[in-house]
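Contents: one structure, followed by commentary.
Order of writing sets the labels: A, B, C and D. Residues in every chain begin at 1.
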Amino acid sequence: MGIVLGPNQYGKAEVQLVHVERGTPRHEITDLTVTTQLRGDFAATHLTGDNSAVVATDTQKNTVYALARQHGVGEPERFALLLGRHFLAAGEQVRGARVAIDLHRWHRIADHDHAFMRAGAERRTTVVTLAGDDAWVVSGLADAVVLKSTGSEFHGFPRDRYTTLAETRDRILATSVTARWRYAPTVVGGLGDLDFRGLFARIRSTMLETFATTHSLSLQQTLYAMGEQVLTRFPDEVAEVRLSMPNRHHFLVDLEPFGLDNPGVVFQAADRPYGLIEAAVVRDDGPPAGHAWDSIPGFV
Amino acid sequence: MGIVLGPNQYGKAEVQLVHVERGTPRHEITDLTVTTQLRGDFAATHLTGDNSAVVATDTQKNTVYALARQHGVGEPERFALLLGRHFLAAGEQVRGARVAIDLHRWHRIADHDHAFMRAGAERRTTVVTLAGDDAWVVSGLADAVVLKSTGSEFHGFPRDRYTTLAETRDRILATSVTARWRYAPTVVGGLGDLDFRGLFARIRSTMLETFATTHSLSLQQTLYAMGEQVLTRFPDEVAEVRLSMPNRHHFLVDLEPFGLDNPGVVFQAADRPYGLIEAAVVRDDGPPAGHAWDSIPGFV
Amino acid sequence: MGIVLGPNQYGKAEVQLVHVERGTPRHEITDLTVTTQLRGDFAATHLTGDNSAVVATDTQKNTVYALARQHGVGEPERFALLLGRHFLAAGEQVRGARVAIDLHRWHRIADHDHAFMRAGAERRTTVVTLAGDDAWVVSGLADAVVLKSTGSEFHGFPRDRYTTLAETRDRILATSVTARWRYAPTVVGGLGDLDFRGLFARIRSTMLETFATTHSLSLQQTLYAMGEQVLTRFPDEVAEVRLSMPNRHHFLVDLEPFGLDNPGVVFQAADRPYGLIEAAVVRDDGPPAGHAWDSIPGFV
Amino acid sequence: MGIVLGPNQYGKAEVQLVHVERGTPRHEITDLTVTTQLRGDFAATHLTGDNSAVVATDTQKNTVYALARQHGVGEPERFALLLGRHFLAAGEQVRGARVAIDLHRWHRIADHDHAFMRAGAERRTTVVTLAGDDAWVVSGLADAVVLKSTGSEFHGFPRDRYTTLAETRDRILATSVTARWRYAPTVVGGLGDLDFRGLFARIRSTMLETFATTHSLSLQQTLYAMGEQVLTRFPDEVAEVRLSMPNRHHFLVDLEPFGLDNPGVVFQAADRPYGLIEAAVVRDDGPPAGHAWDSIPGFV
């Protein structure tokens, strides 16, 4: 019986890059957190410490900064593709790459030319995976905290020995949406033509509006509707949507002991435990996912 | 030589309260984190475990929820005053109270009547202190992350044996503003008449705009200008401003080893260490602070 | 082209359970964070909001507490198996379950019978996956922060246009180990006979001692040696080891500008970016992993 | 009415320093987080951006590393005094300094000469304040999480309209102790002679043992006993103790709906809200505190 090296990857995580476009007096800033990881034939360093194939993680970091200067950063998806292809060309033993980028949003202070304010915890995300000649782009948003103060019910669930939860026809529904969608085109089939920025904005709006307007009988139903709407509206661009939505419970406070009613007015927001609802919404004839989801924290 | 009880306080921290105003189909939500603390003659419980004067922290939590139902929450400053006065009346041995409230901002999703999205990490804060008949209100904002991509210099500092920092005429200036201002009126003198919501909005704008428009020779200069502008524009309302502004360093990446220039384009954002600039801006003839700042984490 | 529900799961996350064994005056405490997730035929709730198959996450939480009372908690692996099997029996549409438990360690204060102190950030972990009649147990440790002050080199890596890192024959090597190992037996083949507690202790010792005694030419080499030693010493029990080891860089501070040498004495610990080294060490003829690793955040 | 600069300070926060003592093959490591802050006449930079008195925070960081190389770090209290005195001599306008150090503990892996493991979240802390010729040393421990599984009661508290809490004769008592004690000697009176390391160990033991052995009628009583014991056992060294102890509630889970009793066996650990108990224990004839507590987050 032999012991061997299994799947492996290595790289530099969370390189913090701020790029200033200062060609005109009205500056634009792009604020990214970049993680690069290489895959390939790295058995030597694992088995003997021979590093002749190991592009140092420090070199990876330098490359992120240098390519940002040479090419600008533009769309995170394109910058990730650029970085991934650079690394694939960097060493014979590099067979694949994974580049994950989080984009932090800022808006201008009072329309000032060079003063900005960070917009919130929500991030635009992308994970680009290259394996030989194949490329997959999974983009998304993370930590978008949303709440409906009505329009949410939960009932009809089975009751067993351990069930105490009351049925409700009106509750607060709150969650922090982490969504990722896989773009249908691959490198061969036209990733180069996608308007990633515009698509992000429209997909995000689609999901938020679906959250807002869906009368919800379960968080699962809301989740599915959000994914389904994206697939419906972007038939050529999006192949699959995965969502992870914690149920941030808001408990109606029992005020009866104090002689008070509480018709949906005063709630206690709870930290833990929380419900956790996760699902993929897919096309039954979509293109295969390949390595698109490898190493993305998720549910399947 | 005797050992005695010194200053002390106790209470319930971080009660998470969401209040829904649902009088009309267009809901309003208020999302608060409330901490209540009582001061007074609590020697008995410390010395002998006699709890006859100890309003339980669980009772304090219940009171927060119950009063929110009975009176609504409205402005956090007023809700804090209401809570504080309630506790002062709750027990003979309660001589003072401190109520701290953080307000988390939400905005509507696509102008929907009952769907909301959390607006960011920035919080509106207040700390109300009652001591007998006196009351002080210290309001503020926290974790407002701002950045100038130019318009900031730093030079002329002394150089000693351990100085290696180069002078600069153009750098990124970034900070996370935590500001607190003490309202001049006390309970007797007219706290009741203040428009806390409007004042918050205008003071916040004043600070952000001053940050944006001040050509900065040091973060200290920017900080002082922000405080000074608030005192200048709100002569009757604000007695004092205190600011804590970490200097979130953005280092220009040295790309020379790669044969590249870097004219203020590519920056590395650093986590730690960070500069930390803290100061009060005050009136030379302002009303005394009394207990307003007791127990507020700060610099003096 | 149709849109359909893909893989999905739901449950209650981070139920915080403290169990006190008080059969004798010398208490034992067990401090767990439990996450339960169900898999199966849950299309109805996603598509129509029909919850007739949805064992409520609140019920799942109640079940955790109730079973802890009825059966005790004992080994986290066994408690997870117990919970998983309970849920599989709870509903016809439940086809699989995933139960993840983190165990937080405490030690006694001065050998006192009922006073304890939390031991640190390191956790003992387990993820039990059930799918029909199959069961997999993946146990591990998380956030074990270790450091070698010498005995670590890094050189021989390729130098390209973007390489500036100097080679080193002596550096600090520091990492926060997250390791997971898959137990070879499945439910049919003898999970019931494993001494999980003893195995955890011996596997943990094996990994820490291997970290300590391996003269390291790369963090990859150290990682592989740690996994290999576990597979070598536990040939019947462990089928596979996966490790994720961030390289917590400690930079030798350049003191030359101050006329000082620095022969490996003064280091700056950095937060971000960090290296990230991830690999599996496997047997070339081991039992198949099945669903063991589904939904575990990882690298493959 | 004039607007003027009030109290202010500035410096470098959270410099992460690891010092390796490698004089023999058996290494010793010291892992510190150092914050330095200067006070004095810094009106010029605030009012006009004139930085001629501003020892750059980058220089402060360099100084931390350089002095660590020249003098070693030894006891954090002594290293903080060394740094503070250096800064007071560094500029005419520097009139005071505050140096805060957190020490992170490591222990050896299997008694290995140069392999270590981080010991936990608990930290040893010190804050040294210099003002002209005066010096104060406030040392402490932070984030020491402790729990008693019995030996804690809570009853006899007043019941008003909003009280629902049941009295209890047996509960879990858990808290995360942050304690700070002010050493009695000042620079003139003999700080130089204190055995800070030994004192820390004995004071810490005193507090933990008092927590363990005090039959508690309230967390306040436990807190006071901990402070009182320190003052009693260290009459010459310690002038004052301040403690901040959140009450980490562990709620007995109600299992009655499931037909189960729960005699102190199964508890739910809660995150928020939490009780917060804070007090000082002092000598009625102790030396004055002066500036010792300025800017230390606290309760008075």
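Just a few scattered comments:
The rule is short, and it goes like this: a contact is a pair of C-beta atoms (placed from the backbone, for glycine too) under 8 Å apart; a residue touches a chain by one contact, two chains touch by 3 or more.
Not measured: the values here are computed from a predicted model.
Simply put, of C-D and A-C, more C-beta pairs touch at A-C. When chain centres are set by their Cα atoms, the one at the greatest distance from chain D is A. Taking each chain's centre as the average of its CA atoms, chain B and chain C sit 39 Å apart.
Note: centroid distance chain A to chain C, computed from Cα atoms, is 23 Å. Chain D has its Cα centroid 32 Å from the Cα centroid of chain C. Multi-chain contact residues of chain D (touching two or more other chains): 15-16, 62, 66, 161-162, 164, 257-258, 271-272.
On the chain B side of its complex with chain D, the touching residues are 1-16, 35, 37, 42, 45-59, 61-63, 66, 90-91, 153-158, 160-165, 216-218, 220-221, 223-224, 228, 231-232, 235, 240, 242, 246-247, 272-285, 294-295, 297-300. Of all the residues in chain A, the ones that touch chain D in their complex are 161-162, 164, 257-258, 271-272.
Listed in rising order, the residues of chain C touching chain D in the complex are 15-22, 27, 29, 31, 62, 65-66, 68-70, 106, 109-110, 112, 114-121, 144-151, 172, 205, 208-209, 211-213, 250, 253, 255, 257-258, 260-271.
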